[in-house]
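One structure is given here, and the rest of the page talks about it.
Each chain gets a letter, A, B, C and D, in the order it is written, and its residues are counted from 1.
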Amino acid sequence: MKSVLLTGFQPFGGETVNPSLEAVKRLQGAAVEGARLEALEMPTVFGKCLNVLEKAIDALQPDIVIAVGQAGGRSGITVERIAINIDDAPIPDNEGNRPIDTPIIAGGPAAYWSTLPVKTIVSRLRQAGIPASVSQTAGTFVCNHLFYGLSHLLATRYPGTRGGFIHIPYLPKQAAAFPDRPSMSLEVIVRALEIAVQTSIACGQEVIPVEGGQLH
Amino acid sequence: MKSVLLTGFQPFGGETVNPSLEAVKRLQGAAVEGARLEALEMPTVFGKCLNVLEKAIDALQPDIVIAVGQAGGRSGITVERIAINIDDAPIPDNEGNRPIDTPIIAGGPAAYWSTLPVKTIVSRLRQAGIPASVSQTAGTFVCNHLFYGLSHLLATRYPGTRGGFIHIPYLPKQAAAFPDRPSMSLEVIVRALEIAVQTSIACGQEVIPVEGGQLH
Amino acid sequence: MKSVLLTGFQPFGGETVNPSLEAVKRLQGAAVEGARLEALEMPTVFGKCLNVLEKAIDALQPDIVIAVGQAGGRSGITVERIAINIDDAPIPDNEGNRPIDTPIIAGGPAAYWSTLPVKTIVSRLRQAGIPASVSQTAGTFVCNHLFYGLSHLLATRYPGTRGGFIHIPYLPKQAAAFPDRPSMSLEVIVRALEIAVQTSIACGQEVIPVEGGQLH
Amino acid sequence: MKSVLLTGFQPFGGETVNPSLEAVKRLQGAAVEGARLEALEMPTVFGKCLNVLEKAIDALQPDIVIAVGQAGGRSGITVERIAINIDDAPIPDNEGNRPIDTPIIAGGPAAYWSTLPVKTIVSRLRQAGIPASVSQTAGTFVCNHLFYGLSHLLATRYPGTRGGFIHIPYLPKQAAAFPDRPSMSLEVIVRALEIAVQTSIACGQEVIPVEGGQLH
């Protein structure tokens, strides 16, 4: 039986909830396309999150890994295209670390591409009526750190496993008192992740003519 | 038994759905705080919408009227504070009318305040985890036209009836292919309107210290 | 000789500069279309600013009054269409006052229209290559307070004097460290105010088909 | 004598002007920090722009190359951190090409870092009162194409030459009729490029604690 590892982060930046953790917990043990989903809670801490990830992958030997994170301020699901080899933290992480312009993996390549079918996921989410787009940057905080570390681990030790990163918006309750904070209901987020898993199991990375580029 | 009239607009501006119409339809016939809700479909047409509204109010003699409209681009529920006596259409309405700088009611006052408990509604929505804020402008298109026409009708013919306007975001499916379009699930919108109705029945317009003002 | 009174506010909200004050100072004593410009510094304080304004108008007996204020976050010049009779301060003013939902003039009308040629100003600014649009709300802080107070004074005591309010963006130096703060150079702002004065002297309030309305 | 090559693009996307071309033309022949600036006009065309660039670099043998492009919608100067090996055009280029998910250099690395002192440039721009920040993505259109192609050329053929990409906002006249389009005066943009050149000549890539990272 195939297995899919989904990771969600602990709350950070003053929030008391992280939609990524809420969403992956809902999918713990679920069966999608004949695969079993395992949810993993991630510390929002540079370095430590990669240790937790590596142990889980070694134990589970998953076929697919999808890391999920909160992108406060974005309106829709954003499937990340590329991870870059730099930590540059605009705020401290949950243990007070704030690296500035340091490589995640010394000597590693500048960037790794997601090995998920990024555009097909976006296309299927849109068909399901869920706001979605391709993102060209996962930032330089713990989300990108985990995405790059995951990509490096898969490239160097698990070349048969595919992996990538999906950013999700705030929950409505996180946006309640902010006039300009877009949000998305947990039910929609959970459904989006199911579709992302289904698509990742069923589809390769064929180029499809979905709009996904950006002028800048 | 009290009655509450809820109005929702027909789709406009190239959309095939209008969340305000979808939401009020869901509440047709519902009972809230001992009042019966009546949903009314509004043509997105200057002038005509006011005729439809006046007939419905004459027939129903409601205690409260809440007009609802789509505010594409806004992230949360926005409870409108004031209606202004001008039509200035940035796009044609559904019958091709595009008035520029014409009064809605010749000789009418420049503006009417909502007679709903605007801030208490916002406060209760936030307590329920729903993004909400006060808006200082309902624009100058058919939404403001209906809001002003309703306010004038109530002020001149139904002084005992309270009324106002609530703007709601796009539905997720309207935002699916747009990276920067915030949206809100229909379930959340319907719940928000229920809370707005409850609050309008139960509360007067006492000043409460909810943040609702804007610097500009 | 005609005279035009231009007012600019003292810095507020943690800023050390206010572009409205910088801009009107540059125009002190200038001659535009045969009129002399007088610049007046305004305290960013509820109530007090109206006292300062009334004394200046009584002394100067200007033909036109244009109040100018900073609208941090807006990208272009926004010519305000309407002032509303409410103070609802999202932050304290420069003397710590923070009125919530109180009328500016007890018993005054809900709103006053600008008596400047709003759309003609916007049209001429655009022709000059300066970003400009009509705004339907001046907020509920000191800017709207001054705008409403000015309008009430002119309507009740100086019916032959025209007046209104223009919001301007941050200066570049106020936006230097903020990735998403739009700004405008002082030279462009000053030129915009000159055009606004010229247009206000030369033009009446004829309806012109410039786009200026908003959907919401 | 040192030489610095500055490139600016031809107008695209329906615009009749491109601020990057206007700005670099103003600097043609200027002397900055003892170096001579050469301005080069770039076709906004995939592939062709790289041919033009390579010929110019072969002829000029510059010490530093700064490619400049229009980032419509951004509020400040954005110094790009990284170029990625993909073309994914959301609109056609000026010759109708619209590549989807194709590598710029087959077999090239996923990404190249800018070899300009990115954060020091941002820091000095802010000190000069000019809005500036680090950008983690140059998009996937012709700007990123040129940036990646330049980086690959320098890495493979001119390892002693430093290069990178700077995005600039719309000019005010491009934003005149758009309420939400931020812009920047040409004078400020030109001054920003001078500072970028000065800094690139004088400074290495030492890590400085300027905020430049992003959460996502």
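The rule we apply is simple: a residue touches a chain if its C-beta (ideal position, glycine included) is under 8 Å from a C-beta of that chain, and two chains touch if they have at least 3 such contacts.
The model shown is predicted, which means the values in this text are computed figures rather than measured ones.
K.L.:
Can you tell me which chain lies farthest from chain A, using the average of the Cα atoms as each chain's centre?
P.N.:
C
K.L.:
For the Cα fit of chain B against chain C, please give the angle of the superposing rotation, nearest 5 degrees.
P.N.:
The best-fit rotation has an angle of 180 degrees.
K.L.:
Express in whole angstrom the distance between the two chain centres, defined as the mean CA positions of chain A and chain D.
P.N.:
So the centre of chain A lies 30 Å away from the centre of chain D.
K.L.:
What's the distance between the Cα centroids of chain C and chain D, rounded to whole Å?
P.N.:
Here chain C and chain D have centroids separated by 38 Å.
K.L.:
List the centre-to-centre spacing of chain B and chain D in whole Å, with centres computed as mean CA coordinates.
P.N.:
47
K.L.:
For chain A, give me the residues that contact two or more of the other chains.
P.N.:
Those would be 211.
K.L.:
Among line, ring, star, complete and other, which best matches the way these chains touch?
P.N.:
It is a ring, because the chains touch in a row that closes back on itself.
K.L.:
Give the list of chain A residues in touch with chain D in this complex.
P.N.:
Residues 13, 69, 71-74, 81-82, 84, 86-91, 100-102, 109-113, 119, 134-141, 143-144, 167, 207, 209, 211-216 of chain A touch chain D in their complex.
K.L.:
Chain B touches which residues of chain A in the complex?
P.N.:
For chain A paired with chain B, touching residues are 75-76, 78, 125-126, 128-133, 171-173, 175-185, 187-188, 211.
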